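In what comes next, chain A is part of two complexes: it sits with chain B in the first one and with chain C in the second one.
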Partner chain A sequence: MKNIITVKDVTFYYPGEETPTLKGVTLDVHKGEWLSIVGHNGSGKSTLAKMLNGLLLPNEGTVYVSEYATARPEDIWEVRRQVGMVFQNPDNQFVGTSVQDDIAFGLENFGVPRKEMIKRISESVERVGMEAFLNQEPHQLSGGQKQRVAIAGILAQKPSVIVLDEATSMLDPIGRLEVIETVRELNRKEGITVISITHDLEEALSADRVVVMKMGEKAAEGIPEVIFQQRELLKSAGLDLPFSLKLSEALRQEGVELDKGYLTQEALVNALWKLA
Partner chain B sequence: MLQNVIIGQYYPASSPLHRMDSRSKLIAAFFYLFIVFLANNWVTYGLLIAFTAVTITLSKVPMRFLYKGLKPILILVVFTLFLHVFLTKEGDLLYKAGFLEIYEGGIIQGVFIAMRLLLLVLMTSLLTLTTTPIDITDGLEHLLGPLKKWKLPVHEFALMMSISLRFIPTLLQETEKIMKAQMARGADFTSGPIKERARAFVPLLVPLFVSSFKRAEELALAMEARGYRGGEGRTRLRALEWHKRDSFALILLLLLTVLLFVLRS
Partner chain C sequence: MQGTPFERRALHDISLDINDGTFLALIGHTGSGKSTLIQHLNGLLKPSSGSIKMGSTVLEAGGKKQDLKPLRKKAGIVFQYPEHQLFEETVEKDIMFGPRNFGVSEEKAKKTAAKVIEMVGLPQTVLEKSPFDLSGGQMRRVAIAGVLAMNPEVLILDEPTAGLDPSGRVEIMELFYNLHKSKSLTTILVTHSMEDASRYADEIAVMHKGELYLHGKPADIFNQREALQQAGLDVPETVQFLMRWNERSGQNLSLSNFTIEELAKQVSQSLKKRGS
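The block that comes next holds the complex of A and B.
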């Protein structure tokens, strides 16, 4: 499969710190996949996210977005256009005074002509289902709606990758679902690569691939079904197992004959009602 | 309650004045500040009053909104009026009681100066009543654009303004939240002597400041992630459109100026 982002042997120190936040991280992101990067606070996952669009530059190693290097000053704007980022706090990334002004912000930065801007804004609000809110001001929107506007702002720039940096952690369950569903649509229907940085393993369940970060290093990488069976690894990385997995473990200990731990509620229910 | 907070004193309506370009309104208001000082007799003041009255009618802003804007300045107007009535000693003596002497010139002068103040405040509040703060910001950025040549950070200033405007409701919401949190723990913001009340605001302001700094940092990062690199080469979604009515308004103002010059004594 073709790589869209290639992270090679990246080591990074925050200025003035002795221990590196990232230690020799190597990572391939395939085109069109949904990759979840999970880890505890301080595992370096957010730092890794900021490497992907050149907000931070590695002390050692390289990060490439297709053929553009984040470390090359002449490439950096193309990198940022291609890799859009949704941050944690919905309020602190809303720059414009209204929904359309905010979506326009990125386009204005890239010098897109006004006519084209208007076209792209109306296209991208539709793709996130916010077309009825074009003239709303940010304080009139819910957290989930603000995050969808942030996604629309990225879409308008015709990106190839969307990075969700804990983008759902401050939302209520409905807002979380809203955002995840929106991104899933974009991932499936339009083939936009999604990298979701999270400490919520439930969210990582829907990923094609999962990378586990621990103390600034990549501790594991693989499909969710395999990663989530490695309980000890997840525990040592400070992660909480998904609910259905914990439940199946508990049931097994109580003597219920389940052949393995089930990842989703649906799979667990299916296994349970088939029991004699 | 904070959900529908109105920033500034903008009065939403659809009037010829609302539809004018913010640049022409800014120029007109600024120009008006100067020509008000040209009036120095009854005819010229009458002319200015008529002009202002027509503008107010055109703006469709209800009088009570205008009055709200005038209230704080009214004391000043009355004060200047009396100052002149009692202290200017020109013209015929009209009334004398002990050391109090009122002259005709004093009354005329007092009325003129008070008029001048009222007209100035009326016109400038019409500007903010008929133009949204963001439009004023845009207009200022365009008008001050030429100053970029002298390294004046016009774009940065305008961006700063628009970000502040965008965050006012957010910070108000946050203030309310912190206030409730402190009140739930027994803080009292509404009673006691002023000194006590001022002290009660410290635990409100500190968290607000801390979070504002955090917001600023995160916002800067988000802006950078979206390709922000200063005003150079930036296009704009908000377009200001100069119509015939804008030129017409300015020409009208020029005619008024000429008339004032001719009619003043």
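The block that comes next holds the complex of A and C.
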């Protein structure tokens, strides 16, 4: 599989700190995949996210986006165009006084001509389902809508990767679903690579691959079916088990002879029905 | 903002009695009026009409300027991301700030700080540190200690676990629950988590469009899935699973305390019955 991002032996210290926040992290991100990065508070996952578009630069090691290095000043604009970030707080994402101004701001920074800009704005708001809100002011939008505008701003720059840095953690369940569904469409239909830093285990369950961060190191990497069976690993990384796995385990303790832990409610109901 | 073009009725005709010692979960999607409601409870906002009574203190609409101190002392609010409100040079000073403001002597405030820091599970040595040298989770505990230092009778928690990893979430909720029990507090928890509401609350109040939409014991509330979905909410995962299982097996099982253990027991017993 082709890599879109290559992180190699990255170590990073915040200024004045003696212990590194990232320790020798190596990671390949495949083109078109949905990669979830999970870990405890302070595990380094958000720092890793900021490495991916050069907001932070490694003290040791390298980060490449395609053939562009985040550490090379002449590459950084291309890196930032290709890798768009959506942050945690929806109220900190808005710079414009309306939805279209907000998206235009990003494009102006990249010197996109006006005619092209208008076209890209209308295209990108449509892709996140916000076309009815073009002239709305930020305070009239819900948290989920603000995050979708942030995503439209990224889309207008024709990125290849979207990084969600706990982008749904301040949203209510509806807003969360809104944002995840929007990004999922982009991932499936347009092949945009998604990297999601998250505490939401149910979201991580539906990822193509999961990376577990622990104390600044990559503790594990693999498909959700394998990662989420490793109870001790998850516990030591400050994480919980997803609901259906916890229930599978509780059922086995009650003497129900399940052959394995199931990841979704539907699969578990089916397995139980066969035992009945 | 009454009398301006921005006037919008955020709450409408809410009547709610909360008995001494109750653990009430207040749920509702963003914009439903939860936060507006709790800001009325310690006089940060005053009602446009109606009144709020806490113990012997009454806040009336249009009433004279009242002394809010007794109310604010009685009801402690832990806001969202409380660690953002830390500001002093040392943890000890930060915790002492509230009591000192209410005229408590320096010596006594120091003693209080030493006591509450233990209540939130941090060592005494933390008192001498700058709050800004602590980890995010520790900072949140310090902020909570600052609220406890006021010795409130009513604890109002506005999404106290937002942004924490799963194990941090459990720790903080257990901390509040133990305080609720051991200090016989009245606790009001604003949350998006149906799991937390079902695990800790004696009563649940559901807000929708500025009105009190549902109010009752968890078992009553979670029986009304359609009504909850109309308010942009859903039942806990354990109930969701049981509904799937009932549908598949034609049974009519129900839960009383909504834990995974209870669910596993119910399902395994129903399997055994079918097998025999």
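Assume the second predicted complex is superposed on the first by the 276 of 276 C-alpha atoms of A that agree within 3 Å, B and C clash if a C-alpha of one lies under 4 Å from a C-alpha of the other, contacts with A are read in each partner's own complex, and residues count from 1 in each chain.
Assume a contact is a pair of C-beta atoms (placed from the backbone, for glycine too) under 8 Å apart; a residue touches a chain by one contact, two chains touch by 3 or more.
Remember, it's a predicted structure, so these values are computed and weren't measured experimentally.
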Once chain A from each complex is brought into register, does chain C clash with chain B or fit beside it?
clash
Mind working out whether A:F105 is in touch with chain B, chain C, both or neither, as first, second, both or neither?
first
Which partner does A:P173 reach: the first (chain B), the second (chain C), both, or neither?
second
Quick one: is A:P138 in contact with chain B, with chain C, with both, or with neither? Answer first, second, both or neither.
first
Touching A:V95, do we find chain B (first), chain C (second), both, or neither?
first
After superposition on the shared chain, which partner residues are touched by A:A250: those of chain B (first), chain C (second), both, or neither?
second
May I ask you to decide whether A:R114 touches chain B, chain C, both, or neither, giving the answer as first, second, both or neither?
first
Scan A:L55 for contacts with chain B and chain C and give back first, second, both or neither.
first
Could you point to the stretch of chain C, among 37-45, 55-63, 199-207 or 217-225, that collides with chain B in the superposition?
37-45
If you look only at chain A, which of its residues touch chain B in the complex?
53, 55, 77, 80-81, 84-85, 87, 89, 91-97, 100-101, 104-114, 117-118, 121, 137-140, 153-154, 157
Hey, which residues of chain A end up touching chain C in the complex?
39-42, 88, 142-143, 166, 169-175, 199, 201, 235, 238-240, 243-244, 246-247, 250-251, 253-256, 265-266, 268-269, 272-273, 275-276
Touch list for chain C against partner chain A, complex
29-31, 135-137, 162-168, 170, 192, 232-234, 237-238, 240-241, 244-245, 248-249, 260-261, 263-265, 267-268, 271, 274-275
What residues on chain B touch chain A, complex-wise?
2-3, 134, 162-163, 165-166, 169-170, 173, 214-215, 218-219, 221-229, 233-239
